[in-house]
Amino acid sequence: MPMNVTVNGDPRSFASGLNVRELLEALGLRPQQVVVEHNREILDRARYESTPVVEGDSLELVHFVGGG
Amino acid sequence: MPMNVTVNGDPRSFASGLNVRELLEALGLRPQQVVVEHNREILDRARYESTPVVEGDSLELVHFVGGG
Amino acid sequence: MPMNVTVNGDPRSFASGLNVRELLEALGLRPQQVVVEHNREILDRARYESTPVVEGDSLELVHFVGGG
Amino acid sequence: MPMNVTVNGDPRSFASGLNVRELLEALGLRPQQVVVEHNREILDRARYESTPVVEGDSLELVHFVGGG
Amino acid sequence: MQTPPELGADAPLEIAGRQFRSRLIVGTGKYRSNDDMVRAIEASGAEMVTVAVRRVDLDRTKEEGILHHLDPEHIFLLPNTAGCYTAEDAVRYARLGRAAGLSDWVKLEVIGDQRTLLPDVFATLEAARILVAEGFRVLAYTNEDVVTALRLEDAGCSAVMPLASPIGSGLGLVNPYFIREIKTRLQCPVIVDAGVGTASDACVTMEQGVDGILMNTALAEAGDPVRMAHAMRLGVEAGRLAFLAGRMPRREVAVPSSPTAGMLA
Amino acid sequence: MQTPPELGADAPLEIAGRQFRSRLIVGTGKYRSNDDMVRAIEASGAEMVTVAVRRVDLDRTKEEGILHHLDPEHIFLLPNTAGCYTAEDAVRYARLGRAAGLSDWVKLEVIGDQRTLLPDVFATLEAARILVAEGFRVLAYTNEDVVTALRLEDAGCSAVMPLASPIGSGLGLVNPYFIREIKTRLQCPVIVDAGVGTASDACVTMEQGVDGILMNTALAEAGDPVRMAHAMRLGVEAGRLAFLAGRMPRREVAVPSSPTAGMLA
Amino acid sequence: MQTPPELGADAPLEIAGRQFRSRLIVGTGKYRSNDDMVRAIEASGAEMVTVAVRRVDLDRTKEEGILHHLDPEHIFLLPNTAGCYTAEDAVRYARLGRAAGLSDWVKLEVIGDQRTLLPDVFATLEAARILVAEGFRVLAYTNEDVVTALRLEDAGCSAVMPLASPIGSGLGLVNPYFIREIKTRLQCPVIVDAGVGTASDACVTMEQGVDGILMNTALAEAGDPVRMAHAMRLGVEAGRLAFLAGRMPRREVAVPSSPTAGMLA
Amino acid sequence: MQTPPELGADAPLEIAGRQFRSRLIVGTGKYRSNDDMVRAIEASGAEMVTVAVRRVDLDRTKEEGILHHLDPEHIFLLPNTAGCYTAEDAVRYARLGRAAGLSDWVKLEVIGDQRTLLPDVFATLEAARILVAEGFRVLAYTNEDVVTALRLEDAGCSAVMPLASPIGSGLGLVNPYFIREIKTRLQCPVIVDAGVGTASDACVTMEQGVDGILMNTALAEAGDPVRMAHAMRLGVEAGRLAFLAGRMPRREVAVPSSPTAGMLA
C-alpha cells in the first residue's frame, strides 16, 4: 500500500516503509550526488539509511548547478 | 544663595528660584528666539514661566543656524 | 522660334529674345526672390533687364532654404 | 695654419687639410658612430676619407638618442 | 528673460501637499557672509532652504541665528538633522527643529561615516519610521541604492533624497543609472541631494527626470555665489524642460542639417 | 523669470563688430514644420540663424523659401556652405549667399567625409583665405584641432567654430580639453558648432568658456522642439554664468555643509 | 608569454586563510555549453568558481549537475545563495551548500529588487551575522556603499564584494570613487562582483587597488567565451600590475618624449 | 603565464611587409636611467622602439648614444622626427635617420603647437608625400581626424598614428568614436600614438580594434617602469583578445547569472 510524499514540490507516491537511501535509489539518484532536506531539516548522509520516509513527508533534493 | 545649572554643556550658576523664562532673560535671550530642552525634555514655550530651574538641572538652548 | 536653355540643371525651352527678368517672370519668379547665376557668373539684379538669354545658356536660380 | 669650421653649431678650429674622417678622429668619434651632414648635405660614410674639410665649412654630427 | 507661459507650463513640485514652483532647494551653510547667503538664495529662486539646529552661542553676538537673516514668511525653512550619527540623535534634533514652531517637516540625515558623510541607511530607515509615526514630514537623505529608497518610501517618507556624489565633493552625478532607476520606481518625489558642483551637473541631473535638487556647497564655495545661484536656477530649469521636451537620439553616424537636394551642378 | 540686471551683466557676444545678446545660434533645417521652426527659434532667443543656399524648385509651390517664414529685419540670417566638398564649391555658394544682399557673412563649411561630415581642414583653410580676401566675414566650421583653429584665425576668420561631436550625432562635448585649449589660445570668438544633443551638453560646453554655441538637430529632432529650444536657451545662459561665477573645487573627500560645532551633548 | 619572476612577484590573494594566485573568480552560469564553460574557466586561470544550489531535476538527464563537469579537487567551488530574497532563504541555501561537504564557504547574496538585482543590504547584514555565527566563511555581495561594507566586515565577513554595476549589465565600473573608498577603508579582501563587461573594465577595476574580481556574464555572453576569458585573465593581471607600479600623473599640458636639446641649426 | 596556442592565434601586426608579434611599440625617452629603459623595453615585449636624431654632444661622454644600450639586431629601431615644426625640418631629420643605415622607416612627426604638441596636419601631409616619394616607409603621427588620416593613407603612409590624447598627458583615450572611425575607414595599420597613461587606457584603446599602440611617458614616468611595462604588455594583449572575442551587450536591466528555475519551496 503506497504512501504519498512531496519531492521537490511535486506529489509522488512510493511503496510504504522506504528509508531515504531507498527513496533516492527509487528515483535513480546516488546519495553522494545530492543533499537532502527532509521536512525542512538538512539530513546528514550518514542518516539516509536510518531515516524512514512516511506518508506526508516533504523532501527537497538539491545539488550544485552552474551559477554566478 | 546660588544654584549650579548646566547650560549648553557649560556649568553656570544663577540665583536660586529662577524659572526658565527668567533664566533666558538672565542670559539675554528672548523666549521666542530659542528652543529649550530641559533635562532632555523639550519644553513648550507656554511652560517657560511655570517651569522652575533647580540645582543640577541641565538645559540645552538651541536655534536655527545656516546648514545644508 | 524657341531657344533651349538649361535652368537648374533641366533643359527648358523659351521664346527667343528673352532677358533674364522676363525669363524669371516666365517661370513665375519675382526677381528679388532669387539669386541668378548666369553661365557660372553671378548676375547683379540691376542687370536682369539688360541681360539677354540666348540659346544654350545655363542658369542657376537659387534662394535660401532651411539649413544648419 | 688652422682653419675655422662650425661643428654642431659651435665654431672650432682645426689644422688645415683635414678630411672628414680625420676631423671625426680629431673629435674622438668613430665614423660608424655618427651621421655627418656636410654643408647641409648628408655625407655617405664611404666619402668621409675623400671629402676635405675647408675653412668656413659647417658640419652637423648626429646620432640616435632616446626619444618617443 | 520672460518665459512664454506655455513653456513654463510644468506641474509644480509637490511635497507633502505643499507646492513649489522652484525645483531647486538650497542650503544656508558655509557662505562667506550672510549677505552673500541672502543674495544667493534670492538669485537661486529657491522657495525652500535647509537650516541646521545648533546650540545658541551664549558668549557671542546674538545675531548669529539664521532667523535674523531669513523671513519664514517668505521662504520655507527645512530643519535638517545634519551631524547626527545615530537614529536617536536624529530624532532628538528633528523634535527640537519642530519645537521652533515653523512646521513639522524635517530633512532627515543620519551619517554613517565621517570621511564620506555617506548615510547610515540602517539608522536612517529606523529614524524615518519613528519620525513618520510622530507625524513628521520626512525628507530622507540616502545613497543611490534603489532598494533602500523603496524602503524609505514604504516607511512613509514624503520625499527621498539620493546623493549625486558625496556632500561637498562637487563630483556631480556619478551614477545616472541608479538615480534614474530610483525616480522610475518611486511614487514619492525624488530630490537629488549633495554632490552637484556646477550648473551642468544640475542640468544633467534634472534630465534624469528627478523632481528637484538640493545643493549648498556649489553655491557657497563658488567664486561668485550669487551668479552661480542664478546659473543653478537656470540649469535646473533647463534640465527640467529638456527632460519634458525629450532629447534627440544619440547616433555615431552624422546626419546633415541642410538639404542634400537642390545642390548646384 | 526676471534676471536681476547685475546678474545678466555679461558682455554681449561680438562677432565682426556686430553684437548679440544671445550666445545661442540655431539652424533652420529639418524641423517637422515651418511653424515648429519659427516657434522654436523664438523660444531659443537666438538672434542669428543659419540658412542654406539651394536651387529654387521650379515645379513646387513658391512658398518653400525660408524668407517666407523669417524676417531678416528681425533675425540675422547667416548663409552657410553646407554640402560643399571642395574649396571652389564653398566659395561659389558663399558668393551666391552674399548676392542675396543681406550681408557679407558666411558660415564656411567644407566637408571632407560623407559619413562623419567632418570638415576638410585643408580645403576649409584654402576657402577661408579666398573669402576673407573677397571681404567676407567668415565663420569657419572646423574640428577640435587647435593648430587648425589657429591657422583659421590667422587667415582672418571672424569666428572659429569647432565641433563638439559630429553634425547631427547628439554625442555632446566629447573632447572638452581641446575645446578649452582652442578657446584659451584664440583671440577671435569661438563658437562650438555641431554635436550638442540636450541642454546639459550646451551647459557643459559653455562652462568651458567658449563664446557661443550653434545647434540645429538637437532642436529639430527633439520630441518638443519649442520646449527644447527654451531649455537650450536656459542651458546656454546657465553654462555661461557658471563659467563667469567660477565653480567650487572638486574633491574626493566630503565636507559638511552644516556646522560641526554647537552639537548637543 | 613568460612572466619574469620578479614581475609576477605580487602577494597571493588570501581569503579566510586560503591563498589564490589568480585574482579572477568566475561564475559557471549561462554558458552556451558545458564545454564552453570548462574551457573558459581554464583560459581564465581562475582557481575559484561560484555555483548555485538548485533542486535536482527528477525528470531530466542526471548529467546536469555541475560536479559532472568540474572537479572540486582541481578548482575551489564557492556555493552562492543567488535567487534568495530573504535572510532566512539565504541561510537555508547556505546550509544546503555546506551540506554538500566541500567547504564552509558561501557567497552570500540576498537580492532586494528583481529588476536591478541590487542587494537587500538589511537582509544581507542579518544573514551575514547568522552565517558567521554558524562558522561559515562569508563572502558578501553588496552595493558600493562604504558604510554597509564596513558593517559587513564588522559582522565577520571573510570578504566584501561590492558591485561595479548591476549583475549582467556589462556597464563596467560606474563609481570608481566609492569602490576605491571601500578598498581603502576595509581590512578584509575586497572583491568587485558583477557589472564588468569587457577586459578594460576588469583592468580599470583592478587599478583601483581592489583584491580581485568576480564575473560571469562577461564570459558566458561574449562572442568567444574562451578568448574573452583569456582576455579577462590578462586584463586583471594588467590592472593589478599597473596599480602596483603606480601610474604617471595626468596633465593637460603636453610634455615631449624626445629631447628638446641637440636639435640641428 | 603560458598562452594556449589557439588563444594567441591572432594574425601578427604587419607594417610595410614587416611582421611583429607584439602590438606594443615603445619610446626610449625620459627614463630615469638607461638600465630602467632597457629592462622596461624587455618587460614590454616590444619588438620596435622609437629613437630620436640629435647632435652628438662633443663635450660629454661618448656613451650617450642609444646604440650603446640597444642592439638593432634584436630590436627594430624606428627613427622619429620629434621636435620638428616644418615639413622641411622633418624631411631633413628623416634623411639623417635613414643615413644611419638601419632602415628606411621613419616615424613622421611635425608639431604644430608647442603647448599641446599637436601635429601640424598640413605640414605632416606635405612631408609624408615627399618622404614616400623618396622611398621612405612613413608611419605618420596625426590627430583623431579621419579626413586627415585618409589623406595620409592616400599619400602612401605605411601606418597612420592618431593620438589618444596629447603627448605625455596620460589623459587616455578621449575620443573613442573618432579612433574607431579611423580604424574602420583605413586599410593601412592604425597605431594609436600618445596619451595612454595606464594599462586600462591601453586595453580600452585596443578594444576599439586598432592594430597597435605606441607609448613612452606612461612607462618612463611610472613609479616602477618595468612593472608598468609588463602591465602594458598584458593590457594591450587583453584589449586585443577582448576585441577579437566580442564583448557582451551593455544593458541597463540586470540579468541573473544563476538559474531562476529549481528554487526550493
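Chains: A, B, C, D, E, F, G and H, in written order; residue numbering restarts at 1 for each.
Heads up, the rule we're going with is that a contact is a pair of C-beta atoms (placed from the backbone, for glycine too) under 8 Å apart; a residue touches a chain by one contact, two chains touch by 3 or more.
Just so we're clear, the structure is a prediction, and the values are computed from it rather than from any experiment.
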item: Contact-richer chain pair [D-G vs D-H]; value: D-H
item: Far-end chain from chain G, centres as C-alpha averages; value: C
item: Distance from chain E to chain C - Cα centre to Cα centre, in angstrom; value: 63
item: Chain centre separation in whole Å, for chain F relative to chain D (CA means); value: 57
item: Chain centre separation in whole Å, for chain F relative to chain E (CA means); value: 32
item: Intercentroid distance (Cα basis), chain C paired with chain A, Å; value: 96
item: Residues of chain A whose C-beta touches two or more other chains; value: 9, 37, 60, 62, 65-68
item: Overlap residues in chain E, where contacts from two or more other chains coincide; value: 27, 29-30, 52, 54-55, 80, 82, 115-116, 118, 166-167, 171, 177, 216-217, 220, 252, 256-259, 262, 264
item: In the complex with chain E, residue positions of chain F that touch it; value: 1-4, 7-8, 27, 29-30, 42-43, 45, 52, 54-55, 57, 80, 82-83, 89, 92-93, 115-118, 166-171, 197-200, 202-204, 207, 216-218, 220-228, 230-235, 237-242, 244-264
item: Footprint of chain E on chain B - complex, ascending; value: 7-10, 27-29, 33-35, 37, 42, 44-45, 60-68
item: Contacting residues of chain F [partner chain H, same complex]; value: 112-113, 115-116, 118-122, 125, 143, 145-148, 150-151, 165-166, 171, 174-175, 177-178, 181, 185
item: Touching residues on chain F, where the partner in the complex is chain C; value: 27-31, 34, 37, 50-56, 58, 62, 64-67, 77, 79-80, 82, 95-97, 99-101, 167, 214-217, 220
item: Residues of chain F that touch chain B when the two form their complex; value: 256-259, 262, 264-265
